[in-house]
Each structure stands twice: as structure tokens, then as C-alpha cells.
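Let me give you the structure first, and then I'll get to my questions.
Per-chain numbering from 1; labels A, B, C, D and E assigned in written order.
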């Protein structure tokens, strides 16, 4: 419990530090003040990928080991991945609105593929909730978790893969070389947000263990079906 | 047992089953909220115009996903259960009323959460004094949609391809409800009196209720 | 019995059941055609612009109703039947392939009739030489949608609220298919080469087929 | 105030006169004359597909005759009167009717509440059928016999005046089969009537005053 | 060419060693040691909810043990080998598995085609089970006993090497019950094995060399 609190508190500090760097670093002349959002947008997306990767790993481990802890890890990591993707999408949209004057374009392969990835993991969570049997839930979500991860490289490389089909945005600085200070701010935020992910992960796992322990308390032995007591028929 | 006591018992158990399965709140609602986000994206709307289309998107998503909410009971119905209720002396009309009660509770919950999400996501400009008329309009729409869903479920009871059929029956009939519901807000904004729209909703709800109660027995007999 | 013979037998019987129930052709299709008419009215599109939006409406209606076609097998599946197939030695992958075959036949039929209806109703301006590429694109989209529906049915097998869940899983994944399908026509019009889009469709279909075949056994085991 | 078990308004006259019934456009039962008196057990035998289940569903008012006429507990079949007597009809059919998402206890509570029966009967009924220790099991996690026992408990709680048993012994273990006898006994004691379908001639002869044999939808013999 | 009934590739060894199984997170069977030899009938008895159906589903490879180990027809439970032997397992469970939209004949044809059996067996099987005249009835218009007979016909056609019967006599009329005996007899003749669950001790003792009694998921006695 204490450990969890300390982790969360330090994660808060790390994120604040990251924000400080984001707001004091020099800005890209072309994109203006809004380019500071990149310091959050990119790390959130990266960490979301990391989270889904962790889920895939945990899912495969569950399929091999079949122990509940891997299932818990997969579930906790998807939940965080979804939240991080949502934040990444949101910051991307704010930025897009500011820079291109459009928040969204389905024709952009990266946006479309990110959205699909987001929905699929929301579907993963809905599926989990729909299955009451823990073993069956773990099995099916492990399969889905292990398979769904193939979208991650698709999202990551979508810009390159589909360039032949669609023009990429001209001011999108993919792979552009940045000034040192800007790179520094980005890296600090990357570290801070990764740390935030791990802190939240530990907290979520802690909660999941508590939930499972309370569920185990109520779990019963197979039912005692007893012979009928016909003597009491008259009392009904 | 009295008609109302039966209706309330049916509603109570239906809500308990929903709590266990989580059809509405855990499966449909999150997707509907996501739908709220995606709709304007799909239409390629500019973010600066977003506050204008909030209500329209709300109604579109509300009806699309609300249909799944309205049809949830049909999905759990089967012949054994219908026979069971018949031989427990449940009046088919009481079953209709009970299902409408529980369904409306869920539908109102669903639409209110969706509305809150819409307000947060779109920050639409709402006319002053909107909450009460809008919530009343929402409630009336929810009741009507639920009645429609329950009726469609009864009409298609016992058929194998019922969910497809029932959802196809609901959509066109839901039109007046959606128009009434969405116009409450619009006419509030244009200051043109919302009473007619609320009355339209009340009239539709009542008509559906009367139809449901009156048709309950014949439909029940037709389902065997 | 060989894998393919099993798959063909599953497809044959599935088509016979469809002929008896008429899910697709007698229930969904007529409503989809009506949807084709209602959509532009609901959006308030002016009639003079109607020939421009035909293809867009076709895809919107096609995916919405196509989802019901894709999920029809899931509606008839139950535990007894799954056990029966298992003990008849049916390879889960053969079941997947069989259902994909019969489902694709129905889906192609559905989309082609819908396309014909769209052309009659909207008389859109179609680029020269459209029939072959468009039909090929349609076919590839149909196969992909069916594979998706079959997979979603397998993933949600045995769950009580499966139709809601499965349709919610399908929709996002159908996006690349719809994009691919609709872009064939667009790029034909803009003369920008349709091959990449057809390749996208083929790749998606293949990926789904590989996923369906590879996952068939694990999913089958997870469903008990 | 009337108790929910009050049957003063319900007739006891159950009779079919040259009744026939159809399903899916096919005539299944033809020209049946049946009379069931209070306090009596009527046995029904006959080969598979003879129409025994259909006869029970006719007597349960779940289908209406398309030929001849009939009264069940004084209500004319096919008339709205049947709605008033249904509550006094108990049916145990081939497939148990237990709501899968509710526990055994919740299923019984639901039935008791709908029928207006005393909720205190539930605990006793659970003990009687031997499910007191399994009351919290959900319907979809029950074994077949547990479902049948749950139905027996429900029939104990609802106290039908016309008890219709379709192969009620099947699926129950030897001890639990006595439950069915207890149910029959109690119904008879309270001046109700019982119609039981079984393939076991010995079962029928032991319990029923008269046994009628159906064959291809017609009455063959009555003993 | 191999005939579809060729069983040379299938082992005959069916054995459970301290096997346990869980459903819905609850441990249902525990520490079961069972051995079934070719040409033998094993009877299984036990009260409602003891785990008999779960045991049959385990032997049918439809669920996997979560404790101990087991082989069915030589295939290790939980391994991919089970896919190769499933075709040789026949199960008759509480609820008949007949496709509702197909007629009885179509149901049998479907099974025969999937398993690669000779289609000519169908007519004979229909005659044997007494459904030749009802072959065109759709599954959803069948009586309960007709569904059970259809299952019996399917098992005649598919010729399982391991026949699992869960209260197979219930729902069948007296004549048709002999069908089950015929099925058992034929399986034994062809050196297959039979496991039959029944609540009727006499039924079991008449047919089974050994009878094991389950109680609360454990083996109680073997006689």
C-alpha cells in the first residue's frame, strides 16, 4: 500500500518535471507554441505501444504458464494503454486543429490506424467484462491480446507503408532532426510518462489482487446437493 | 397478485439480470461514448464547428446504440421462459409494463450518461434553463424507445431471426421519438415553445403504451 | 474426411439453412434497400446533389446492414451444436473456412443487389470501365467482412450478450475494408490506379483468413 | 383479503370433448375425450411422437384446441378465462424452465413473488428438495437434476390445482424421485388433479387410477 | 484408401489418472482414477450434481483436466491429439443436439458427410430407429423422443469406438429403449468401450461389468 503511494507520488513529480521541460524548451519556429504538445503526444503514444506490447507478452506467458498473475498483468496494461492512447489521440487532435486547421482526417493512415487500434482494445476490455468464468476469460483475452498486438507495428509504420497511397502531411516532422534542447524535453517527458505508466501499473495490479482475493473468499466448493427431506413437504 | 406488483417484480428481476450481464452499462455504453467521438471524425467535421453539431451527433448515436438497449430483453427471451411466466399467472400486459419500466430506467441512464459525455466532449452552446426541459424530453424519448423495443420483441417472439427483424422494425418507428426529442432543444434555442414537442412525445409514449397493453394478450397467444 | 470436404459441407448446409430462414435475403436486404432511400432524407441532402453521394450512401448502408449479415451464423450457434461438430471430427479451421464460404456468397449477393439498387435509385456518374474493378472490390470486401463476422462470432461464442459484443468488435476492424472498397471506385474516377486498394483488400482478407485458421483451435478450446 | 392460494374462484372441472390440436399447420391431436376429476391421478402413455406433450400443453392452456372444446379448471380453452386459472396450473416439461442468470433461490423468489405466495415457503422448499446447500448456484451452473429439483421446489411453492408432469422422473436420482411422489401426494390431498406422462408402465400403474394410451394423436385405450 | 471407419490409427487406451476438472472457477471433479478397456461397459452412478455429466464431457475431450492427466483413445487430454480421436467418440447428452432448421434426414446426412461415412447407412439407420416415416420432419417440429432417436441413428451411422451415454434411456418409449441396448451391443462387438450414466441401478448392473459411484466429484465406490 505504502509502496504504491510512494510510486504514485514520485510519478506525479516526474510528470510535473516533464511539463516544466516542455514549457521551457525552445519551440519550432514553423509550428509555434503548439509544438510543445508534441512533448506529450509522442511519449503518450509510445508508452501506449509499450503497454500493448506488455499485454501481448503477458498474454503469451499466460498461454504458456496459465497462472492468474499474467492475466492480471495483461488486463491492467490494456486499461492503461487505452487511457494513454486516448490522451495521445486527444493531444494529436488539438495539435492538428492548431497546425493544420483540422483535427481529424480519416484519410491519414496513422490517424485511422490509431483509431482502429484504440477501438480494438476497447473491445478487448468489453470482452473481458462479458465473460464471468475466470479461466475462460483469461483464455480468450490472452488470444485476443496476443493477436491484437500486430496492429502496433502497423500503426507505427503506417506513415511509411501507405505513403504510396496517400500523401503524408507536409509539416509532419517525422524523422526530422531537432535542436538538442527540444530533443532533451522530449526525452525527459518520455522517461516521466514511462515512469507514470509503471507506477499506475503497479497500483492497478495491487487493486486487482485485492479484488481477486475478495472474490476468492466468496468462491465456494461445489454445491452440496443433498437427498430430499420429504418429512417437511407439509410445511411448504 | 396485483397487476402492478407483477410489473414491478418483472422490472426488478430484469434490472438484476442486467446488473449481472452488464449488457447496457458495460458493453453498449462505452462504445456509444466512443461513437460520439468518431461520428464527427467520420463526417470530417472541423473542430471549430464541433460545438454546433453536438446535439445532432448525440441523437444519431443515441438512437443507433439505444436500439441495442431497447432490444436487450428480446435476446434473453425463449419459449420455456414465456411458458413459465404464463403459468405463474403473469398478465402479458403486466410483463409489457414491467419490461418497459426496467428498460426505461436503463435507457434513461444510458441517454443521460451519453448526454453528459456529449456536453463534455463538444461543449455545445446550450440555451439558458435547458436542463429541465431537456431531461424531461430525454426521459419521454427513452420511455417511447423502450416501449417500441419491447413491442418489437413481442411481435417477433419465437421467431429464429428475431433480433435482425426486430431492429429493422424499430428504426423507422423511432423516427417521431427522435424528432420530438431533438426538437425540444432546438426550439428552446430558437425560443419557439417546446410544449408542442413535449406533447408529441407524451402522445407517442401513451399511444405505444396503450398499444402495448392492448396487444399484449393477442401477441402472447400468437407467439405459440 | 478431408479438410476441404468438411468446409464445403458446412457451407452447403449453412446456405440451406439460410434458404429456409431467409435471414439475409428476405429480412435484411429489403430493409437495406429502404435504408438506401432514407439515409439522404435523414441527412437532409438536397435532391440535386443526390447522384454525387450515391456511392457514399451505398457504403454506409452496406456496412451497417452487412454487419447483420456477417453475424447471422453467430445467432444460430449454441453449445450443443459446437459439441456436435467437435465430436463429428470437424476441424475448427474447416468450420471457419466453411462459414466464410457460405457467408461470402450471401454477402456478395447482398452487396451486389444493394449496388444495383443504388445505381437505379441514385444514377451516380460512374467512370468508364467500372463494372469489373468495382465488382472485384466488392467481392474482396464481402469476403473480409464475412471473415471478420465469423471471427467475432467465434471470439464471443457461448457468451450471453454476444450479438451486441460481436457487432461492437466488428465495426472498427471493418474500417480498412470499407476504406479499401470505397476507394476502388474513387480512384477509378480520379484515375489514380486502383491496384494499391485492391492489394490492401487482398492483404486484409488474407490476414483475416490466416488469423481465422490459426486461431480456430485455440478459440474453440476457449469457448468451453 | 383473499390469500393467493385461494381457489374458491376456480372451477375444478377439467374436461376435453372431442378436442383436437394442430402445430405448425399439422393436426397433432384428434377427437380426444378426457375427463379429469379432482383428487385423481390420470396416467398418459404412448409411443414417441404420439402427442403426449402436446396434450399436456393443451391442458396447460398454452395451446388452444382447433377442434372440439375443452375446459380447464372451469375455464373454457381459447377464451380469456384461461388467464385467471393459469396460476393454478403447474407444468414440468422436458426442458426445465429456470432463468439462467438468477440463482436457484432467486428463481424461487421470483416465482413466489409473481404468484403472491408466502416467501417463507422458499427455505422449506429448498430443504425439501435438497438444494439448501446449493441455493446460491446460478441456473447456468446447475446440473440437469438440480434444474429439475428447482422446478419441483417451485411447484411446492406455487401449489397448483392441476399438476401436469411430463416424464418428471427423468433426470432425478433415486432419492429425488420420491419428491415427485410427494408432489403428487400433496396435490391429491389438497383435492387437486394430476396428469402424468411416463414411458414406464409400472410407474403409471402404481400411481394412476386410470391410464390412457395415446397413439398418433388419438386415444387408444383407457384402463 | 483408408475407410473413414478405419481405426487403426486410434489407440484404445482410455484412462484417467488422478484427474480433476473445474467449471466456472469451481473444482467439480477431483482425483479420479478411471480405466476403460475395449469391449467393456462402465456404469456411472451418483446423486444429482455429483459430476457425472462433467466426467462424460471430460472423456469426450470437450473439457480438459486441470489436475492429474488422462488419455482418451490414446490421445492425451489437453493436447492437440484429441482432434484426431474426437471423430471416434459418440456422446448422447441431456439435451439432444439436432439442428432445428434441418429435417431428420438432413441432420443425419450432414453428420455422415462430415465424418465421411457411407450415405447408404442413413436409410437403414432411419428404419432401425423407427423414423423412416418421419424423416422429413424438421428438428424444431420433433417430439423429445424423436430427437433422441435421431441421435441414436447418428450414433449408428458414425460408429463410435467410445460411446458415452448420459441417461440415454430417458425420453425414449419402451420399444426405443432397446435401441440403446442395440447400440451398446454393437459398440462392444466392434471392440469399442461404453460409459453409461444412469440413475437406475438395475439398468447399470444389467449392462455394466463395473459400476462406479461418484459423489461430490470424487470416486466413492467401484463394484
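Assume contacts are C-beta pairs under 8 Å (C-beta built on N, C-alpha and C of every residue); 3 or more make two chains touch, one makes a residue touch a chain.
All of these numbers come straight from a predicted model, not from anything done at the bench.
Relative to subunit B, the chain whose mean Cα position lies farthest away is E.
Among the remaining chains, the Cα-based centre furthest from that of subunit D is the centre of A.
In whole angstrom, the spacing between the mean C-alpha positions of subunit B and subunit C is 28. The mean-CA centres of subunit B and subunit D are about 37 angstrom from one another, to the nearest whole unit.
With centres set at the average Cα position, the gap from subunit A to subunit D is 55 Å.
For this pair, subunit A with subunit E, the centres built from the Cα atoms lie 47 Å apart. Within subunit B, residues 21-22, 27, 31, 76, 160 each touch two or more of the remaining chains.
Counting partner chains per residue, subunit D has residues 95, 101, 134, 143, 145-146, 149, 175-176 touching two or more of them. Touching two or more other chains at once are residues 106, 115, 118-119, 126, 130, 220, 223-225, 227 of subunit A.
Note for the complex: subunit C touches subunit E at residues 1, 5-6, 9-10, 13, 16-17, 20-21, 76, 80-81, 83-91, 217, 221, 224.
Of all residues in subunit E, those touching subunit A in their complex are 22-28, 47-51, 216-217. Remark: subunit C residues 155-156, 158-162, 165, 168-169, 171-173, 175-176, 179, 196-197, 200, 211, 215, 218-219, 221-224 touch subunit A in the complex. Contact residues on subunit D toward subunit B in their complex (touch as defined above): 4, 60-64, 80, 83, 86-91, 93, 95-97, 99, 101-102, 106, 110-111, 113-116, 158.
Residues 220, 223-230, 232-236 of subunit A are the ones that touch subunit D when the two sit in their complex.
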